[in-house]
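Order as written gives the chain letters A, B, C and D; numbering starts at 1 within each chain.
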Amino acid sequence: MASDRSHAHAPVDDGAVHAHISKAQFYWAIFGLLVVLTIITVKVSYYDFGSLNIVVALLIATIKASLVAAFFMHLRHDNLFNTIAFLSAFLFLSLFILLTYDDLGRRGQIDNDYGGTIQLDTGLAAPGGLPATSATANEASGEAAPRSAGGKGGGAEKKE
Amino acid sequence: MNEQNAPATYQLPPQMSTVAAEVDWLYYFIYWLSVVLFVAIVGAMIYWAIKYRERPGHKAEPTGHNLPLELAWTIAPIFILVFLFHKGFQGYLDMTIAPPNAIEIRVNAKQWSWEFVYPNGGSSDKLHVPVHKPVKLVMASADVLHSFFVPALRIKRDVVPGMYTTVWFEATQTGKDDIACAEYCGGRSEGPGGELPYEPTNDPDNPYVSGQMTGHWAMHSRVYVELQEDFDKFVKSIGDKCDAYRSEGKICPGEVAAAEGQKLSVSKGCVACHTTTGMRLVGPSWKDIWGKEESTDKGDVLVDENYIRESILAPQAKIVTGFQAVMPTFSGQISDPEIDELIAYIKSLK
Amino acid sequence: MAAIDIPVVGGHPAGAGDPHANYLEARHGLASWALTVDHKRIGLMYLTAVSTAFLAGGIFALLVRLELFSRGRTIVDAETYNRFFTLHGAIMVFLFIIPSVPAALGNFFLPIMLGAKDVAFPRLNLLSFYLWLIGASIVLSSIVLGTVDTGWTFYTPYSVQTANSVISMTLGVFVLGFSSILTGLNFLVTVHTLRAPGVTWTRMPLFVWGMYATALIQVLATPVLAITLLLLCAERFFGIGIFDPKLGGDPVLFQHFFWFYSHPAVYIMIVPGMAIESELIATFSRRAIFGSFAIAMSSIALAILGFLVWGHHMFVAGMSEFATMLFSALTFLVAIPSGVKVFNWTATMYKGSIVWASPMLYAMAFIFLFTIGGLTGLFLGTLSVDVHLTDTYFVVAHFHYVMMGGTVIAFLGGLLYWWPKMTGKMHDEFKAKVGFVFVFIGFNLTFMSQFIMGSRGMPRRYYDYLPQFEPFHRASTIGSWILAVGLFTTAYTLLEALWRGKRAPRNPWGSAGYEWMTDTPPCVANFHETPIITRGPYDYHLATPEELNTGWDELEAESKKG
Amino acid sequence: MANVSEVVAGAPGSNGDHAHPHPDFLQHHFDTPAQQFAAAKLGMWVFIATEILMFGGLFCAYAIWRALEPDVFDQAHHFLNKILGATNTVVLLFSSLTAALAVRSAQLGKRTQTSIYLVVTIACACVFLVVKYFEYSHKIHLGLLPGHCFGHPGFSGAIQSGEETGTCLRIHADQPGGSPEWVRAVDEDGHVQLLSPRANMFFALYFVMTGLHGLHVLIGMTVLGWVLVKNIQGKFSTKYFTPVDLGALYWHLVDLVWIYLFPLLYLVGKPE
C-alpha cells in the first residue's frame, strides 16, 4: 500500500496533476448506452418473471451504475484505492441487509408463536400492532393477505 | 433472590428451573476460565514490571520475534470459543423451543403491570405455575417494549408490541421468585394532582404499591411454583364464575359479577390509574361515579353502561374534564362479558 | 534538534504564523484560535470541549449513583432519574468518548507521527470542531426543552410515544455524527497521502494504525446512524411507521438500525484506547512492541469484525433463532484480535526496562481492567448465559470496564504522556500517581459490585430496587465518589502544570517515537524540515543516544546558567 | 535527530524541495499539486461511500419490508408512473453526461464550455425536481401521503381529526375493533385498487427515499452553482480543476442513487 504516494504522482512523477482525458464522443456513447438500458428495463417490467423481476431490474441497474462509476466518475483511470473505498460501501451495505433479513425474514419458522404477528388459533393480532381486521378485511377485498398467519416468518416463506 | 431461598452461590440466584443448572455450570466454567487467564496475564504483567523495572545497569533487550508463540495464542483461543459457542447455543435452544405438552399461559404486559391469562380464561397479576410441568408463556405488549425476566428460572425474553414472543421453563422445586421487567419502559412521577408520593414496602410480594410513582422498576410481579393440586385449585378459583351461570343461560348475579370485575380491575391494571377510594390519580376515581353526570370535553354525559363501555374501548372519545387523554384502548384485549363484570363492579362501588 | 533554517515552502494558511515558531506562541488573540486551521490548536480546542462534556456526563453519573444510594426516593423523582441516566449515557457516548481520543489526541499527534505538516483537510477539521459545538449545544438544549428519558438507545416505540424532546436530542446526535465522519475522513486521507518519506505502512506508529482503523469505522458506520435518527424524527413528526408497530412497523428493526452503528461505535471508542496503550507500553518498556504488525492488523480486524456482531445486543429482543445463532458465533471472533493485543502488550514488558511513570501506571491499569472487561464479554457472548445476564447490571459493569476502564484510562494515560509535548510544561508526577490510585480503587469498587448484583438479577435502568441489592448499590455509590476524587486530582495535576509546571524538554520520557523528535511544543509546521524516516517508531536499538536523550540535564544546565 | 530527520534536497515531500514551484492554489501542507489532487479525490470518494451507506439504511428497510410484504408492495407500486420515472431517469443521466463533459472541458482549460455544461446540468436538475413535484402532488391528492393521514385525500383527514393531534390513522386503529382506513384509489393503469393500511409502508419508503434523494439534488445544484461561479471568476486551469471534478463526482452520486431507486420503486412487481 505504500505505493499510494507514487499513485499520487502517477503517471509522471513531476508533481503535476495528470488526469486521463477521454474524448467527448466517448462520453456521448456511454450516455447512449445508458438510455438504451433505461428503455430496456422499462420494457421488461411489462413481462412477469415472477421472483426474477427484482433480479432483472437490479442487474440492469447495476450495469448502468458501473458504467457511470467507471467512465463518468473516471474510476477506470483512477487510483485503485478509490475504487476499493467505493466498493467497500456496497460490501458493508450488503452485510447490513443480509444479517438484518436473517432476523426479520426468518422469524416464526421454528415456533409460530415466536415472532408471529397473528395468533394461529384465535386469529387475534398481537396487541400494540395493526388490528387483525386489516388482514381479514384484505382477504374480503379479494387481495392476498399482506401477511399470512405465520406473520413475518410466513411472509418470508411465501417468498422462498 | 428472595427471603425463602437465599442465593445458590455468591454470584447467582437460586436454581428453580431445569435449565438453571446447565446455565450455571457454563457460567462458572467461563468464570474460572477467566480467573485463570486474568491471573496469568496480570500476574505476568506485574511480575515483569517489578523484575525488569528500570534501574542503573539494567537495559532492555531488543524485541525478538516468536512466530510459533504468536500463532499459538491466536489459534488456541479459537477452540475454547467454539466450545463456548456450542454449549451456549445448545442451552439457548433448550430454553427457546418448548415441548409440545407444555401448559400455555398468556402474558400481557403494559406500562406498568403484568397480566397472566390461564387456559381456563381466568387471569391474575401474579404468575402461578405447577412444579415439574413445562410451562410455555406466549407474551404480548400493549404499548412499548418490556422484558419478562425471572432470575431463579434463568429466563428472559423481550415482550414486543405488535408481535408475539414466547419463553418456556419447567420449575424443579416449589417456591417463589421475583418477576422483573428488564427492558426500559419509562416511568411516571406526576399525577394530575402534582407529584406522586413514593415509599417502597418490604413486602416481597408487593414491594411497590399502586397509587405511587411507578415505572420500569415497579413492573414487579411474583412467580409461585406450586404443587399440581394447589395450582389446579388456584386456576379454578380465578376461573370466571359468571361463566357457570352463562353456560346455563342464566344471568350472572350482580355480586358475583362485581367480584369478577374487582379481579379484572387488578389483573387488567385499571387500579394503576383509578382508585376506588375517591383518591384522585391519573384517571377519575370509581367511587360513587356510577350514575353521576360527568362533564367531559364533549359535554356532560351520564356514567352508565354505554359510557363505561366506550371509555374502555375508545378512551379518547370523551375525556372527563381535568384529566389527560392518556388511557390506552383495551379493544381486543377485553371480552364483552369481562366489560359487563367491570361495570357490575363499578356499580357496586356506590 | 538541529534547526537548519530552510524556509518552509508553499503558501501558509493566513495567520498560521511563522512555520518555525512554537505553535502556541506563533499568534495570539481569540481569532488566532477560533479561526485556526492548525491541527494542533484544533486538537487542544477539542480536548477542552470533550473534557467539559466528560465533566457534565460525570456529574449526571454521580447524581444517578447518589439516587441509588438507598432504596426509595433519595434525591429525585422517577422521571428525573430516567432523564439523568439518559443524559449520562448520551453525553458520555456521543459528546465525550467517540470524539475524545481521535479528535483531541489524534488530531494533535497523527500528522506529527506521519511527519506531515497538517491533516489533509485543515478547514474540514475546523468545521468538524464547530459541528461538534453545534451538535453539543442542540443535545444540551434538549435539557431545557424537557429532556429525553428514552435511554441513550432511543428504542422505539417508547421514543415515539414519550412526550419529551427526543427530536432535539436526535438532531443533535445527527450533527455530532457528521463531525465524527469529517474527522475520520480526514484521518483516512491524511494517512494515505501525507506520510513523510520513509514512513511506510509497516513503520507507521501503532497509534496511527489505531486511528486509521477507527476512521474506517467512523466513515462506514456513522452514516447509518444518521439515517436511523432521521427516520426516528420522521416517525415522530409524520408517523411514517417504519419502526412503529401501531402503523405496521417493527420496533426490533429499529434496534438493528441502531446497533449497526452503535456496535461498531464501541470500537470507535475502544480501538483508540488500544492505540494509546501500544505507545505507552513501548515507551515505558524501552522496547519495540512485541508483534507490532499483529497489533496493527488486529486493529483493522476489530474494525471489520465490529460490523458483523451488532445482533449480540438483541439476543432476547425477539430475533429469529437463526440470527441469534449467527450473531453469537460471529461475536466470539472478536475475542481473538482483542486477545492478541493483550498478549502482545504483556509480552512486550518481558525483558524490557519498565519505567514506573504515571502514564505507565495507567497503561498497566488498562491491561488489568480491559482484561476483566474483555473476559466478562465471554459471558455475554455465550447465548444461554447471556439470556440471564443481559439487561442487568452485569452488562452495565461489563461495558464500563471496557469503555471507562479501557478508553478513559488510556485517555488519561495518553494525556499525562503527551501533556509535556502539547503544552511544553511537565506535570507533577507524584500528584498524578496519587490521582491514579484513587481512580483505580474507586473504579473497581464502583463496578465490581455491579457485576455481582447483575449476576444476581438486578436489571438496568431501575429507579428503585429490592432490599437484597442495597449493600451492592451502597458500595457502588461510595466507589463513584472515590473515583470522582481521583479524576479531579488528575485534572488538577494537569492544569497545575500549565502555570506551575517546569519547562519540559524535547523528549521528557526518553521515547523513540517520531512525535518526540520535534520541538516541545512543536513548531507550527511540526518539523522544521520534512523528516526522512529511516527506522521504526519503537526501534530503541536503532535510535541514536541523541534521539533518546531526555534533555533534562540540558535544562538543568540552562537553569543553572540563567 | 541524525537519522530521523535530515534535509535531502529534492527528496519528495521535503520542505527543502525546490524542484517545482508552489502555485497559490497549492495548500501549505501539500508538496505537489498531484498530492493535493489525490488527497481531494480520495476524500471525495470516501465521502461518497458514506453517502451510499446513508441511503443504504433506506435500501435495507426497503429490502426487508418488500420481502415481508411482497403483495402489498406489488399492489402499491402500480400507483407510481413508470413513464414519469423513466423520463426523470433520462434527465438525470443526461445531466450526468453534461457534468462529465464539464470536467473534461475544465481539464482542457475551456472555461466558457465548462460554464455552459454546468448550466445545462443545473437546468436538468430543475426539470427533475419539477417532475417530482407533480408526482408528489398527485400522490397527496390521492391520499397516499404516508403517516398519520394515510388514506385521507389531500390532508382532509388531518382536518377531520384536526383536534386530536392529527393522528388520523391511529385514531381509526383505536376505535372499538376498528381497523385503519382502507384506501380506494385509481392507480396509474386506471384500475381501482383497495389499498391495505399496510401499503402505508411502501409509500413511507417511497417518500423518504425520493425525498432524501431530492434533498441531495438540491445540495448538488448548490455545489455545482458554486463551482460555476468560481469557474466564471476564472479560478480554474488545466493545472487546477479539482472543485469541478469533485462537484461532478457528487452529481454522479445523485445519479447513481436514482439509477437504483427507479427500478426498485417504479418497476419491481407483477405487471397488470
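By definition in this document, contacts are C-beta pairs under 8 Å (C-beta built on N, C-alpha and C of every residue); 3 or more make two chains touch, one makes a residue touch a chain.
Note that the coordinates shown come from a computational prediction; the quantities given were computed from them, not determined experimentally.
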Farthest chain relative to subunit B (centres taken as mean CA coordinates): D
Pair with more cross-chain C-beta pairs in contact, given A-D and A-C: A-D
Between subunit B and subunit D, centroid-to-centroid distance (C-alpha), Å: 45
Separation of mean Cα positions, subunit D and subunit A [Å, integer]: 16
Centroid spacing, where centroids are CA-atom means, of subunit A and subunit C in whole angstrom: 35
Rounded Å distance, subunit C centre to subunit D centre (Cα mean): 33
Residue numbers of subunit C (touch at least two other chains): 157, 192-193, 220, 224, 245-250, 252-253, 318, 321
Interface hub residues of subunit B, defined as touching at least two other chains: 96, 143, 160-163, 165, 332
Per-residue overlap in subunit D, given as positions that touch at least 2 other chains: 12-13, 31, 35, 38-39, 42, 46, 49-50, 52-53, 56-57, 60, 64, 173, 177-178, 180, 197-198
Complex contacts: residues of subunit B adjacent to subunit A: 96-98, 108, 136, 138, 140-143, 160-166, 332-333
Residues of subunit A defined as touching subunit D within the complex: 4-5, 7-10, 13-19, 21-22, 24, 27-28, 30-31, 34-35, 38-39, 41-42, 45-48, 53-54, 57-58, 60-61, 64-65, 68-69, 71-74, 78-79, 81-82, 85-86, 88-90, 92-93, 96-97, 100-101, 104-105, 130-131, 133-134, 137-138, 141, 143-147, 152, 155-156, 158-159
Of all residues in subunit C, those that touch subunit B in their complex: 71-73, 77-82, 149-151, 155, 157-158, 161-162, 245-246, 248-252, 285-291, 294, 315-318, 321, 324-325, 328-329, 332-333, 335-336, 339-340, 342-344, 346-356, 364, 367-368, 371-372, 375-376, 378-379, 381-388, 390-392, 452, 455-457, 459-468, 538, 540-541
Subunit C contact footprint on subunit D (complex, rising order): 1-8, 11-18, 22, 24, 26-31, 35, 38-39, 42-43, 46-47, 49-58, 60-61, 64-65, 146-148, 167, 169-170, 173, 180, 197-198, 200-201, 204-205, 207-208, 212
Residue numbers on subunit C that touch subunit A, as the complex places them: 157, 192-193, 195, 200-201, 220, 224, 245-248, 250, 252-253, 256, 260, 307-308, 310-311, 314, 318-323, 326-327
